[in-house]
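The same chain A turns up in both complexes below, where it pairs with chain B and then with chain C.
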Partner chain A sequence: MFTVLLEKTVDGQRYIDWLVSGLGWTLALAFFGWWIAFAIGVVVGIGRTVQNPFLRALARLYVEIFRNIPVLVQMFLWYFVLPELLPTTMGDWIKQIPPPWGTFLPALWCLGLYTAARIAEQVRAGIEALPRGQDEAAAALGLSGYLAYRHIILPQALRLIVPSLTSEVMGIYKNTSVALTIGVMELTAQARQISDATFQTFAAFGAATLIYLALALIAYQTMMLIDKAVRIPGTAPGREAGGSDFDAVKLESPVPNGMEVVK
Partner chain B sequence: MNSLDFSIVVQAWPYLWSGLLFSLSLTAAAFLVGMFLGTLFALVQHFELRILSQLVRSYVALMRSIPLILVLFWFFFLVPIVLGHLSGNGRPVPVGATYTAFITFGLFEAAYYSEIIRVGLRAVNKGQFEACQALALSTFDTYRHVVLPQVFRVASPIILSQTIILFQDTSLVYVLSLTDLLGAASKLAQLNGRLVEMYLAVAVVYLMIGCAASQFVASLRRKYAIAGARR
Partner chain C sequence: MQQERTVSPADPSPMVVVEHLVKRFGSFNALSDVNLEVAKGEKIVLCGPSGSGKSTLIRCINHIEKHDSGRIVVDGIELTDRICDINNVRSEVGMVFQSFNLFPHLSVLENCMLAPMKVRGLAESEAHQRSMALLRKVRIHDQANKYPAQLSGGQQQRVAIARALCMQPKIMLFDEPTSALDPEMVKEVLETIVELAQDGMTMVCVTHEMGFAREVADRVVFMDRGSIVEEGDPSRFFRAPNTERAKAFLNQIIH
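Up next is the complex of A and B:
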């Protein structure tokens, strides 16, 4: 069934090379996008819980905007709209970024900021799930707000939310496929290109599907390992005998209302 | 930077409105089909029906592991072939992108709803089942009148959050060149070249609907919890 992938393409490669290059872009988007998302998400999530009402409102605004606009629309905003709104010279400079990067960078940025809003909500849930006593003890020890977050609150909250972050990891690698709409040749785009070139749609989409499945398994297992490694001793372990039950962990995470489902 | 002219959006509004109506009807249809099938899938897994529950589990895991766009491409390709086989003559039946979108979203969302309901089913107190037995309710009546109503009620905020995400995801029918809200904006933008105004307007519409809906869900979450139930 998959033998067609070994045939030569018009440009002298084999079709499987197209898939591999697509996989590369998918992984690059997911991996770097994740770190952008994580960095911003933690900051915004903290912002949701601080005393300062102005910062809290700002963080809330960020989350509402980036979570309530579909990721595809955000993709178009970054790619088509932003260069037009910037001063002409800057906009032109952005439009002249050479081919793979001209679409890759907006896609990366878009995925990062979109996922950050979702991570921020998880971080907030993690912080709010901690007993008030932790805050109060930190204050009693004379720790400043910064030190309390740095040494008491964040280390606990971040470890608490590892299971719920699993679904965000799964979310970002699946959302990389949205980048094909602005022309990033990632995995799904390559699968479609192969299907168009060879009419072997089963083989092309089948191969892509298997790769995505493998990625899902790897992402899931990695997060399980991380959870096991950093779990706070004495807290309830996630159900380990879940089998292929991807979301048992997330749904039974210690974070209340962390049951949101991501695509 | 050209000066922005949002009067173009006002002119285009009837067309955008028809696109929005398509997005909403796709959401509603996918919600109904998805909830119906999702409940069936969840029950199949709950009763641990032998082969069927394995099949359903694999289906759910598969749908949740691959991107919706790829699923749309798959169905766009597969649905005509499957229908051809079902109709008996084996020739692919062209069904068009619109029906494909409705079928895909219904079947795809079923996987997500079924996970929510499956977890909800596990959360129902064992005493409820025992009480039903004591009342001599049949299995069907137990689930129809006692268990499922509680599951739907407890899970309603999550089901609704999922539906908000579903509404946003309907924008992905763009890849099938359908005229949903985003598709309408994009088609007009290609005609009149005002893509900045068009895409910004669409973003604002999505933002307003999304914010209103998530406010509604949040108020529901507070108000609608079963009294005394730990949530």
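Up next is the complex of A and C:
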């Protein structure tokens, strides 16, 4: 049924090469987007818990804006609207970024910032779930502010949220498919192209679906391994991240609902 | 109020001075006008019913709780809101908590080495040496590479004591150090604290271990409802307290 994928395309490749190319862009978006999201998410998440009310409000504002606008709309804002808002020379410069980067970079940026807002909430919940005694013990030893976050609070909070970050990892790579709307030729876009060229809709999207499923399982297993690797010796496995109000994690993932459940 | 000083301090300047200390939680007066002086080398046991403000008092001394008014001077440094003062004071004051509060993601040795390296700027080798020496002192050096969750409560509390000592504090504060322990582990922790007292460490200890108080304390301070009601020599205090409230309290804890 997938034999159509081995047929030659008009440009001399095989259709499966289109899928592989799409997979490459999907992975690139997810991988680099993840690190942007993680870096910003940790900083904003910390910002949500610091004493300074100005920084706290700023972090809150970030989360509310980026978490509450649909990712599709954000994609359009970055790609279509931003160049028009900027001064003409800058806008023109952005519009002249050669393909495929002209669409890839806004998509990457968009997915990174959107996912960062979600990660920030996980980080905040992880920090708030730590016993108060940890702060106090750190303070009593003279470790305050940066030192306490760096050596005591973050290492524990991040371990605590590995299970719930799993759904963010899977979230960002599934959201990469939204990038097709601004013209990134990622996996879904390629599947559609194959479907259009061959009228084999089932084969084209069936193959894409299987690839997405396989990726989800790989991501899930990888996060399980990370969870195991960073587990503190002597603590029980499968420790729940007992956060206060994690935002409701959508159970949209195709994997068995094991560790992904937060609440 | 009874004043019986059994210490004869060689150095007359006190380690801790608390004057007119007031601490409120909302409308609740946790501490109202508390005055306390701790001489260098003096061992004080703080006792009193729960909610009497004894934990709050020692938590104010290293500014884990912020006091509302009054003065706290630790080794000549007055505690104000200035961060450098707070950190200066905290690095001179060791604190041991009821629930140990070890850092669970760090090994026993790393728990001890962290603050000396990051706060005092000690080299790793020196911090390692100091930590091992103090872990040996609390007889837990053979567990140095384990993690807190792999130790018993008594062992964890001894690590917490070693961790505080690694900063070479001038005074140690103990907040009910044995209350969270199984009965058979109380002794090993108390023995460690007694040894520390015999080395001449200045200490303020919140505890209801009366045998320990008799053995170690130079002075017992009894608190109730946020103020110091009575203080005095432990042998006299436990035998014949002056105030009714202290009598009632002692009747309740001595079964």
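Just so it is clear, the second predicted complex is superposed on the first by the 235 of 263 C-alpha atoms of A that agree within 3 Å, B and C clash if a C-alpha of one lies under 4 Å from a C-alpha of the other, contacts with A are read in each partner's own complex, and residues count from 1 in each chain.
Note that contacts are C-beta pairs under 8 Å (C-beta built on N, C-alpha and C of every residue); 3 or more make two chains touch, one makes a residue touch a chain.
Keep in mind that this is a model prediction, so the values were computed, not measured.
Student: Looking at A:I97 after the superposition, I want to know if it touches chain B, chain C, both of them or none. Which is it: first, second, both, neither?
Tutor: A:I97 sits against neither chain B nor chain C.
Student: Look at A:Q156 in the shared chain and tell me whether it touches chain B only, chain C only, both, or neither; answer first, second, both or neither.
Tutor: A:Q156: touches chain C, not chain B.
Student: Tell me which partner touches more residues of chain A in the superposed arrangement, chain B or chain C.
Tutor: Of chain B and chain C, more residues of chain A lie in contact with B.
Student: Who does A:G133 touch here: chain B (first), chain C (second), both, or neither?
Tutor: second
Student: Output check: A:L55 vs chain B and chain C. Expected answer is one of first, second, both, neither. What do you get?
Tutor: Neither: A:L55 stays clear of chain B and chain C.
Student: According to the stated criteria, A:K174 is in contact with first (chain B), second (chain C), both, or neither; which is it?
Tutor: first
Student: Mind working out whether A:M224 is in touch with chain B, chain C, both or neither, as first, second, both or neither?
Tutor: After superposition on chain A, A:M224 lies in contact with neither partner.
Student: For A:G234, decide between first (touching chain B), second (touching chain C), both and neither.
Tutor: second
Student: Please indicate which partner A:S144 is in contact with in the superposed arrangement: first for chain B, second for chain C, both, or neither.
Tutor: Second partner only.
Student: Where on chain A do the contacts from chain B and from chain C line up?
Tutor: In chain A, nothing is touched by chain B and also by chain C.
Student: Quick one: in the complex, what on chain C touches chain A?
Tutor: That would be residues 62-64, 83, 86-87, 90-91, 93-95, 97, 99, 101-105, 114-115, 118-119, 146-150, 160, 163-164, 167 of chain C.
Student: Report the residues of chain A in contact with chain B in the complex, numbered from low to high.
Tutor: Chain A residues touching chain B: 64-65, 67-74, 76-77, 80-81, 84-88, 91, 170, 174-178, 180-181, 188, 191-192, 195, 201, 205, 208-209, 212-213, 215-216, 244-247, 251, 256-257, 259-263.
Student: Spell out the residues on chain A that touch chain C in their complex, using ranges where they run on.
Tutor: 131, 133-134, 136-144, 147, 151-152, 155-156, 159, 232-235
Student: Mind listing the chain B positions that touch chain A in their complex?
Tutor: Per the touch definition, chain B meets chain A at residues 1-2, 57-58, 61-62, 64-70, 73-74, 77, 112, 115-116, 119, 157-158, 161-162, 164-165, 168-169, 171-172, 174-175, 182, 186, 195-196, 199-200, 202-203, 206-207, 209-211, 214, 221, 231.
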